[in-house]
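The structure follows.
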Amino acid sequence: MTAILRRAFLGLLALFLAAPLIVVTGVSFNGTARMNFPPQHASLIWYGNFFSDPGWMSALTLSAVIAALASLVAVSIALPIAYAVWRFNSRAAMALQGLARVSFLLPAVVVSIVYLVFWSALGHAGHIEDTILSHAVVFVTLPLTTIGLGFQSIDSALIDAARTLGAREGDVLRTVIRPIILPYLVSGLVFVFILSLNEYIIAYMVAGFEVETLPIKVFNNLRMGFTPTMCVGAVLFMLLGVLGFGAIAWVGDLPKLLGGRTQGSG
Amino acid sequence: MRRWQLSVLLSWPALATLALTVVPVWLLLRISIAPPDPAAPWGAGLTFEAYRSLLAPDSIHALRRSLQLAVVVGIVSVGAGFPLTYFITRMQRRAQVGWLVFLLATLTLSDVLIAFSWQVMLSKRIGLSRIFVALGLMQQPDSLAPSVGAIIACLTYLVIPFTVLTLYPALSQLDRSLIEAARTLGAPAWRAFTSVVLPLTRVPTMVAFVLAAVLTLGSFVPPVALGKPEHWPMSVLIGNAALAGHNLPRAAAMSVLLLVVTALLALGAVRAVRHRPTP
Amino acid sequence: MSLGLEVRQLSKHYGSQRVVSDVSLTVPSGQFVCFLGPSGCGKTTLLRMIAGLEAPTSGRILINDRDITDTPVHERNFAMVFQALALFPFLNVEENIAYSLRFRTINAQQRHEMVRDLLALIKLPDIGKRRIEQLSGGQRQRVAIARALAQEPMLFLLDEPLSALDARLRDHMQVELRQLQQKLHITTILVTHDQREAMSIADTVVVMADGRIQQIGSPTQIYRQPANRFVAGFIGRSNLIEAQVEDGLHLRVGERLIRPLSMPAMMSHGESVTLAVRPEEIRLLARPQHELNCLTGRITFTRDVGNEIELRIDCEGREIIAATSPAQWSALGAAGEPSEVALQLPPESCRVLTS
């Protein structure tokens, strides 16, 4: 009895979560310019449209570039902090950690205003670096969490063993800590990349007029009228997301990376 | 050896974090007491006009709507997200990973796209209303948006992956032998759940709720796209004041208010978790 | 011949907590020494200080007459096998074994040969490419040993390495460890709480309790001549019987007189001492045969463990544990509890402990 209830619950939720994805994918294959679902006269015309339209392609490229750089910057901020907390129990680092968490939890629209104000005050509004840095700091709590988990997972006996086998501090870092941390680092990168790629309001406020990312272009299009071309972008992002997280799951232990039990226990 | 190395190590992170959190917030406060200026982002001088406008009925209602929305979305998303996470952590590894990738993938869609796809789904022509007619819940197909329900549905959709990710560590690491002990002591499955699992996960549940509420408070696009002006919460007013109204001081003042509300919400949640008597 | 390891007045305090107090000992080169004691006695901390993983609060550590107290871990060249083994999960077997060789000037060819030889030494020549999680408990154990030996260490330290293995494998590994150590002539210190383990493989046993050394000696010495109550009670089974000094040759236990093998000097009449007798050394008789060294009592409990019968006997309120072989038990003809029995305590089995 309860098994049936559980199945029904999971099924409904799965449907709920999948519905928009299905709708968007379906519309992208629509043969006409209207937003029809289920798609009529299925065709790839909008895909062609998307990839040949310089406006969409530059928005896509821009989004990807911003996301990539933001993720690198975020990790460059997160790694030293996480290491300082784990290795030195540094209170300064823990304070920075707290600050980072807070900036993630602030209402997004407020954050966007705050950064708009900030970059304007610097007289530097409207540049791509603004978006990159803003995203990096807002999302830094994600690699902080994953890398923190990574450090926590290091068994101190491994470090003792390495030292008795002749490793100096730097050797320990290189030969023991790095291989263990790496998957967590990568997952942190992927998280920031994906969230930055899709982030709208901060990107818009900070540099929207000059720097048109894909979500911004979609929103602008929304106001002017629908075309299924927008959905192509959505499908692309979906695929990227599935590929990205799927790759992490394939190579690493996804449950463990998210803080859960590891394989073979429980 | 330690101290200077530590300073060097943390110099860049500290610079980046402090520059981009403390400074902007201070600026926000400063702007909120400046007069608006059509020619520049904000004008010179000092005025409390922006804060005074917060007392207008418009703003009060918007704030009320923000809070209502936050609480409802928080409850719905945790209400659905908790059992979902619980079931996921009980699954075989393959299924678990599948669900996790699926949830993470839904994160890939920008709230703009999600709002848009909900618009499509709820429109007269396309989707959901036709199903409701077939089920006998509605007389005839009609557009289900813009409406409050639409906003709630969309926001819940956006927030659930975060809820699951927040609850996942705690539920995954749950010591099953505690539940088994409760069962052997005579508790039926349901009671074992409420008397063992819920108390143990009080904190992450509260964190998930606060996260859901805060994400809702800050959300701009879904309410704009799926709600009528009379449904708009404070976040929309802030966005509009900045973009269309060119009134940064007003946006700043409203932001400060929203920040205060958020902080109070978080504090309230922490209190609630700490002071609940043990069952 | 080199002196090996020397520890001088080594102490470790955490605030007011004294984990190791004033420990001094010498381990001659090539010997197998066991630090034995209950959990919390400081044996692991002592080992870790020798390894360099913990800094002593006071005292010195010397190897071959060289003071290494301040030498950092990675320069000491002491190999260690940890309780949890601490094999690197991200490296395969070969890479684990070869880890220490990275920090030496050895070319790839030499490294390869050394690993191959070590794999042969631990009798697992084919597992080089396997990942750690694919190995069984016993195999992991051996890989940990091989990894430690790769650096050709001066000292081989083991922290309760066999505690995670099941009993049979444990017995087997104990023998293998001993054989390995003898083959390589490497000075070895093994920490354990299992006294059977210590007794069966060590040349010298260091018994510890409460951060101090209780006794150092060969297994036979420790067993036959325990220095104090603690050692007598911890090693093997012992009956510790309260007795009073009767005269220069005898003790009084209740109404009975016991003559031990030797009495400590300068004891006055009536002074309290402890009489230590091992269960298996007590002779069981149906009826008392002598006045001296004989106790009588009622059997309250018997246990047949296959190769021996263990009995508990109530002698005028004292519980004495005796052990006898099944053959002797049936020869006795006793019907089990609660029959009366006489206990003959041969003088050479009676040890007098003053502390």
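In this document, chain identifiers A, B and C correspond to the written order of the chains, with residue numbering beginning at 1 in each.
We take it that a contact is a pair of C-beta atoms (placed from the backbone, for glycine too) under 8 Å apart; a residue touches a chain by one contact, two chains touch by 3 or more.
Given the structure is predicted, the values throughout are model-derived calculations rather than measurements.
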| item | value |
| --- | --- |
| Farthest chain relative to subunit B (centres taken as mean CA coordinates) | C |
| Chain nearest the overall Cα centroid | A |
| Length of the line joining the C-alpha centres of subunit A and subunit B, rounded to whole Å | 17 |
| Averaged-CA centre spacing for the pair subunit C and subunit A, given as whole angstrom | 56 |
| Distance from the mean Cα position of subunit C to that of subunit B, given in whole angstrom | 61 |
| Partner subunit A, residues of subunit B touching it in the complex | 2, 6, 9-10, 12-14, 16-18, 20-25, 27-28, 31, 41-42, 80, 83-84, 87, 89, 93, 96-97, 100-114, 116-118, 120-121, 123, 125-127, 157, 160, 165, 168-169, 172-173, 176, 189, 210-211, 214-215, 217-221, 225, 235, 238-239, 242-243, 248, 251-252, 255, 258-259, 262, 266 |
| Interface residues, subunit C side, partner subunit A - complex | 51-53, 72-80, 82-88, 90, 99-100, 102-104, 133, 147-148, 150-151, 157 |
| Complex interface listing, subunit A residues touching subunit B | 2, 6, 9-10, 13-14, 16-21, 23-24, 27, 35-37, 73, 76-78, 80-81, 83-84, 88, 90, 92-93, 96, 99-100, 102-103, 105-118, 120-121, 125, 133-134, 136-137, 140, 194-195, 197-201, 205, 214-215, 218-219, 222, 226, 230, 233-234, 237-238, 240-242, 244-246, 249, 254-255, 258-261, 263, 266 |
| Footprint of subunit C on subunit A - complex, ascending | 155, 157-158, 160-168, 171, 175-176, 179-180, 264 |
